[in-house]
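Two complexes come next, and they have one chain in common, chain A, joined by chain B in the first and chain C in the second.
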Partner chain A sequence: MQLFWLSVGFGLVTASVLAVSAVGLSLQFGITNYINFAYGDFMALGAYFSYALNNELLHLNIWVATVCGSVGMGLFAVLVNHFILAPFARRFRKTFYVLIVTFGLSLVLLNLEYSIWGADVRFFNMPMDRAHHLGPILLTNAQLIVMGIAVLLMLGVHTLLKTTRLGKSMRAMSDNTSLAMTSGIDTKRITTITWFLSGTLAGLSGTVLGITEGNLTPAAGELFLFVIFAAVIVGGVGSIYGAMAGALLIGLATEISAAYINPAYKLDIAFVILILTLLVRPSGLFARPGKA
Partner chain B sequence: MNGTWYYVFTLVFFLFDYFILAMGLNIQYGETGILNFAYIGFVAIGAYVTGVMSLPNSAGTGQYYILGLSLPFPVNLLVGGLTASAFAVVVALIALRRLRTDYLAMVLISLSLVLYDVCNNYVPLFNGADGLYNVPEPFAGVLHLNTNSFIPFFAGVTGVIALLMWWVMSRVTRSPAGRTFRAIRDDDVVAAALGKDVFRQQLKSMIIGSFYAGIGGGLIMQFSGSFNPTAWLPGETFVVFAVILVGGVGNNIGLLVGALVVETLLVHLPAFLPAIPGHPGLIEYMDAAVIGILLMAMLWFRPQGLVSERVHKAASMGARERLNTGATLTLDEEAAALAHATGKPEA
Partner chain C sequence: MPALCAEAVSAGYGRSPIITGISLTAELGTVTTIIGPNGAGKSTFIKSLVGILRPMSGRVIVNDVDITHLAGHRIPGHGMVYVPQNDNVFKRLTVRENLEVGGFASRADPRSRMEEVLGIFTDLAKAVDKKAGFLSGGQQNLLAIARALMVDPAVILLDEPTAGLSPAYTDVVWNQIERISHLNTAAVVVEQNVERALKHSDHVHIFVAGRNHVNGTADEIASLDLPSIFLGRS
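Right, the complex of A and B next:
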């Protein structure tokens, strides 16, 4: 039973990382209507930005480096959208072209990371950590901070979408871009802001993934990508709250299963849940009409 | 035989092999419009199954794998291709029936990663991360080939197989089924409205394409005698996509050109460049990044590829006249005639 509660703790941490990344992916998908297959590499690149600030350039405190690295990744995402993705999306009506461009972008970014930082495993420079007992659950300081960040961000995204003018415009655009445009919403500006948010969340989740896993490699983001896809599809593609629920479900399921099966396969459990969802409820748990 | 010729025949082998792989992905994506982002998984299944079919029983080999039937070439290769096709049926029944483009691509790329994970970690299946090795070289015993003479010999065998498969593929693409595939690619709703069973046709296309994937994978296994998970990371699918997009979607000759440019010149030739001292692997990384950039540039400046898809003239020639005489029309022709009759431009 102790093992079970320990894995629940790990599950909540994984769910926090997943929730941040899945919301970042869903926000962008809702606005631009295509999946960013380079998202995993955005995560890894953001993590390396934080790593560079933490270990190589300024030797910042890990959490300061995390924030700066993530914002840097957000700006990078805006540039990528402006110079590469947006022109392709404007020019070709079929989604295929921009999908394959994101796939190509993933290859470019991954190999850029390999070229700069090499294939060696890197480690963040972290202060000594202590474990805390919360009832039967055991968590370190860093894990608690990660969970705190995730909860705050989810509340922040909720507030943004429900109460601010920007959030309302984003939801309007996600429902119907042309209608939003004719209603006077500056869709180009909203798209840019969305890419910034998506990139920032990608960078943040990539960094906290590296912190919770204890190491960092260029391929880390890509290997995590299908878990994010599972969370997003199980929750219902394009639905932000679905992404949060999917992240919680997948995060807990993968970590709890790791207590009972060979942990090497724990992420594959995400895929099993994905397939079961497709068989039983293909549009996901919180599907939005017209998106599946 | 000196080293140069050894390299040349290795390049020739990969040219023909990727021509086969590109034909398989082309019928799925280029002809039918299925975004199969798990393509390299089907290649790997073909490779592994071909390997375990030709290896002897695993006891005493120092490797762990299933089966081990010592089947001769090309029986093992055919079993590999057919297994990939059988797997395609399962995938299609679960994923293809339910999902449209992006979702399908997401599920398929996840599938590719999970397949990779399982083959990498579950040792009793295909020897885990070490992969299969010491796979018998076909005909080497009968023809008394040594390591040097095997390479040009097998490059030739692959060339013959590629030509045969090209002939079969051009028959398929010109058949009524091929025209139906293209109609689905161009607009699946219209195809369905004209009475075509879209899922059935997509299933057919998946089966044919995956067979090509399996054969291409099996040939790699036989050529190099070994195959392990580093050979088929999910990003490899992108290389095959690059071959067909650079060469020209929906055009078999273009695929050969694409295989020459991408696989031979960009993927394998740089491997022979001297390594930069102190930066192991840097050339490979830069090379992969260049392939990505080249593909984006290609899509932007010449989206139809180096060799454009041939216009299927039968579609517009005299379709209306034949409609009036009651002749049987192909789908393309029906659509053209319909557009003509209603005065609307062809969408």
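Right, the complex of A and C next:
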């Protein structure tokens, strides 16, 4: 039983990282209507930004470096959209072409990370950590902070989308871009802000993934991207709340299963859940009509 | 001064124009309808006014301001709004949120404006927290009109607002359009049904093959040989 509760703790931490990254991916998909296959590399690059600030350049405290690195990744995502993705999206009506561009972008970013930081495993400079018992669950300070960040961010995203003018504009645009424009919404501005938010969440989730896993490699983001896809699709593509629910389900299931069967099957477990969900609810748990 | 003044507008997709040299003026408090055979360029003309298509030549003036080259999202703020024929509401937003989004372009207090608008569309007032996608087709069209009214526009452009509606709902929508025009707004309506257009409007334009074939008061247009115009015999 102790093993079970230990894995529940791990599951909640994984779910927190997944939720942040899945929401970032879903936000951007909802607005631009194409999947960013470079998202995993956004995560890794954001983590390296934080790593550089934490270990190489300014030797900032890990959490300060996390915030700065994530915001840096947000700005980087805005530039990537402005100079690379948006021109393709304007030129080609079919989002398929942009999808291919994001594949290419993924390769470029991955190799950029290899060329700057090499293939060696890197470690964040963390203060000494202590474990706390929360009932039967055992969690370290860093894990608690990561979970706290995720909960606050989910509440923040919910508040943004439901109550603010920006959030409502984003939802309106996600629903019908042309109607949003003729209703007076500056769609270019909303797209830019969405890329910033998506990039920031990618950078943040990449960094906290590195913190919770204890190490950082350029390929970490790409591997995690498959789990994010599973969470997003289980939740219902394009639905922010579905992404949150999918993250919780996949995060808990992969970690709890790892306690009882070989942890090497984590990814397989995620996809078994994905297939089972799609068999029962083909559009995901929180499907939104009209979104591919 | 007319609320809307389109001067010799030409527009189309790609390089070839679909509409050529179309001029139209609309005064506050009046209903102007555009009729004509299929493919005459009625919808293209409306789209070229609201920034979805860029006019190749000509000018569009709203409230004495030249908006021809303005970005589409800035046009509602200048007093002209557009209600498309299809997909004209944000389906996943509630009725209330649809109206709120419609009011973003306005500087006025959105709450009091929403009360005014819901006062006109009493059916919608009962469904403010319902998702727009769950409304009937007719209700969605009324919501689309209500959303457009949130900026208290000088000009409202409606592209076939009664297409696909039952005769009963068609009457409801037309009554609302007349009511809106009486609230000091210029309504410009694309309509397929000639009889209804003549019955409800002050001015009528007939477009044929991308040109403004003829225009005049509803009575003047009613006295013309319309079948010949529509069948291309004049």
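In this text, the second predicted complex is superposed on the first by the 291 of 292 C-alpha atoms of A that agree within 3 Å, B and C clash if a C-alpha of one lies under 4 Å from a C-alpha of the other, contacts with A are read in each partner's own complex, and residues count from 1 in each chain.
Note that in this section a contact is a pair of C-beta atoms (placed from the backbone, for glycine too) under 8 Å apart; a residue touches a chain by one contact, two chains touch by 3 or more.
In this text, all values refer to a predicted model and were calculated from it rather than measured experimentally.
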{"item": "Combined model on chain A where chain B meets chain C, clash or fit", "value": "fit"}
{"item": "Chain B versus chain C as contact partner of A:His82, first or second or both or neither", "value": "neither"}
{"item": "Centroid geometry (CA): angle chain B/chain A/chain C, rounded to a multiple of 10 degrees", "value": "90"}
{"item": "First (chain B), second (chain C), both or neither touched by A:Leu179", "value": "second"}
{"item": "Partner chain(s) touched by A:Thr187 [first = chain B, second = chain C, both, neither]", "value": "second"}
{"item": "Touched partner set for A:Ser106, first chain B, second chain C, both or neither", "value": "first"}
{"item": "Partner chain(s) touched by A:His158 [first = chain B, second = chain C, both, neither]", "value": "neither"}
{"item": "Chain B versus chain C as contact partner of A:Arg171, first or second or both or neither", "value": "second"}
{"item": "Greater residue coverage of chain A in the superposed arrangement, chain B or chain C", "value": "B"}
{"item": "Chain B versus chain C - smallest C-alpha distance in the overlay, whole Å", "value": "11"}
{"item": "Common interface residues of chain A - those touching chain B in one complex and chain C in the other", "value": "none"}
{"item": "Complex contact set, residues of chain B against chain A", "value": "33, 35, 37, 94-95, 98-103, 105-107, 109-111, 113-114, 117-118, 121, 234-235, 238, 241-242, 245, 281-282, 285-286, 288-289, 291-293, 295-296, 299-300, 303"}
{"item": "Residues of chain C touching chain A in the complex", "value": "50-52, 71-77, 81-82, 84, 87-93, 97, 100-102, 104-105, 133, 147-148, 151"}
{"item": "Of chain A, residues touching chain B in the complex", "value": "34-35, 37, 84, 87-88, 91-92, 95-97, 99-101, 103-108, 110-112, 114-115, 118-119, 222-223, 225-226, 229-230, 232-233, 237, 262, 264-265, 267-268, 271, 274-275, 278-279, 282, 292"}
{"item": "Residue ranges of chain A touching chain C (in the complex, touch as defined)", "value": "165, 168-169, 171-172, 174-176, 178-187, 288-290"}
